[in-house]
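So that we are looking at the same thing, I have put the structure below in structure tokens.
Naming follows writing order (A, B and C), and every chain is counted from residue 1.
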């Protein structure tokens, strides 16, 4: 299986603090890979490094064998890597229609057109509508994002990333903060992602992780602690200890 | 050439006394007070009136100028400024610009728009010669006085309880409050003190840079440069920046008159782009 | 999977964003009508048109891209002096052509200085833009041989527009000319803000992190709009020189940049008409107050700024919101298709 995303000795220091410690990951194309670990383990930092929000202190990042270590965030998106944020990062005053329209438009290269009206290309609008329907956002597509209920915002957060038609999708705790009864919508959507899209998922919800993942990496103190299939990880005593701490009760 | 260096140092020290209040306010409350020059102007005009019209001795007028500006600062801070602290920077800028316009027009109305001068005591006028270098008496006095002030400031900051409260509040206001420090009181007193210093600087500066109602607008950019280049996380930063600016400006105007002023503007722009936190600051990103 | 009504709705929504509201038509009808209805006021109307164009240029970067600038007068002044010098030294004597060249030159200046506003916080941008305006003023001051220095550019003679229309002292030609330029540039700006490019600017203003995560090259977009805004401001400055046959250092004044912000606060940002409406109100106010207290009018400006900030900029600008909601309610073309199809919810 070809490797979709790879890091080589990735390291990030903030002064004396080592947030990411010599991380070397290999994620295959089409993988369903989960990244877990206790709070502060550096999971979001890793995503930020992969997407270019942070520059690594050392190491390399390869997207489909192409070195993207020095590429700016928007350039990486153009190359096929997209992400969601742990805390929604949306456009408060735009509607879902406009937001998804923006993402699709940029992807198709017409984002810089200044001479025509937004929405004058039917094939773009069609795709936008399709995405909105897939993500159960059609009924709120004309509302300002800021006033949408949190569950809808979270769906929009994922929809925006998917609208970039990424080949590698990084999901940072997609179900975070979503009420129990709405979680299954998120899970269904994640499960319905195309098979050739490589998905890296950060999650704390272990049910979701074991339901979704075929491969798991455990991150502790910025370094990869152990990797394996869900069964391996579930059986691994050290992983349990890392979550509970030394001298856990009983 | 040494005279120029001497004049530059005097100018620089004066700029420091004028601008350090602004640096502390910016660093402490993250507040852009473009009206800082207005407090300097107040101190200057206060001194002019006291000395020229009421015959108060020059050195007695100086502390009165300080108190006058400090009082105005305290009153304005508690009544107006306090409402603007949490607003976005653009609002703060507009607010203080508004205050500047008002003060400039008001002083123009009351005092007239021509430049005013202070009647200096005789022994401060003129210069004496030391090894062929012309040392202006007034400028020498400025260097001595401002130097002493700087030392006192540094001592207050590092040795007194108020100083440590101030430094704590600058570092992290929320934590400081949590420690029981009355941050609002620290703000108010610091603002008043900074305004007072500005007033003192305005009084001292009347002789060197002149005083007219347009003073706050003319010198706003100089204060901004000191704060930009010097950073806001210490006293030494703005101090060094002021010296640099003072010497650079005097030397520039003498040696390269055609370039003069906009060399320093360009320096400010370059510094802002390259190191937004200032050349001499600790480097902590705010 | 019949989402055809949905697609139609989406298409209609997008079209509605850019559709001409009746109030807009009224506005421009009145503006054009003023040529004939207010022949005695053409001089002040010219000033309003020029100020409106200048404010429009700042709205493009402040209201749509979120760039705070305290030195926009730099571009205004640069355009003004370029036009003045072109006319004085008879390099280009046809006013419209000179206008376009001035605009292009200012665009170049905008492009070159754009990188200064890409980085840094609002505070940095405020200080940097202020610095640039001061530098330009200083340059104009120093090179008095070229610019006339503190006395201003003397001996500027503006030839008739298209060789036909002389610039008369009642401002008839000046107003028609300025209004014409304003209309053309406004239409262009309107197209730009309603385009995908314009939408990407709004997204940058809304959330720059997400904007770049969607693939938008943020810096490149900001440079583009900054350059365009500079060109607009330069053209406004050139118009001032051409309609008054004079250019002075006051075009670079800090006051001008500050007044401009006030204009946009009064009129509101982000919907293009804010600068125009604000300009009308500001000029009328200035006319009135200057007649009362000619020398101390900055005092009232200062007071107004202080009051506005204390009351709250949002609350002041929100007086235009009723106008905007009124406009959408007056819209006789109903773009709200039967939404009952969608109300039943998804599969």
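As a working rule, a contact is a pair of C-beta atoms (placed from the backbone, for glycine too) under 8 Å apart; a residue touches a chain by one contact, two chains touch by 3 or more.
Note that this is a predicted model, so its numbers are computed, not measured.
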| request: Would you mind naming the chains that touch chain B and likewise touch chain C? | output: none
| Chain closest to the assembly centre - both centres taken as Cα means | C
| message | Rounded to a whole Å, what is the gap between the Cα centroids of chain B and chain C? | response | 36
| query | Taking each chain's centre as the mean of its CA atoms, how far is chain A from chain C in angstrom? | reply | 40
| task | Determine the centre-to-centre distance between chain A and chain B, using the mean Cα coordinates as centres, and give it in whole Å. | result | 50
| field | Residue numbers on chain B that touch chain C, as the complex places them | value | 32, 80, 83-84, 87-95, 97-106, 108-109, 217, 221, 224, 228, 258-262, 265-266, 268-269, 272-273, 276
| field | Residues of chain A defined as touching chain C within the complex | value | 51, 53, 72-75, 77-78, 82-83, 85, 89-94, 97-99, 101-103, 105-107, 110-120, 122, 125-126, 128-130, 132-133, 136, 138-139, 141-142, 160-161, 163-164
| query | Can you list the chain C residues touching chain A in their complex? | reply | 3, 6-7, 10-11, 13-15, 17-18, 191-192, 194-200, 202-203, 206-207, 209-218, 221, 224, 342-343, 345-346
| query | Where on chain C does chain B make contact in their complex? | reply | 68, 70, 116, 119-124, 126-128, 130-132, 134-135, 138-139, 142, 254, 258, 261-262, 265, 295-299, 301-306, 308-310, 313
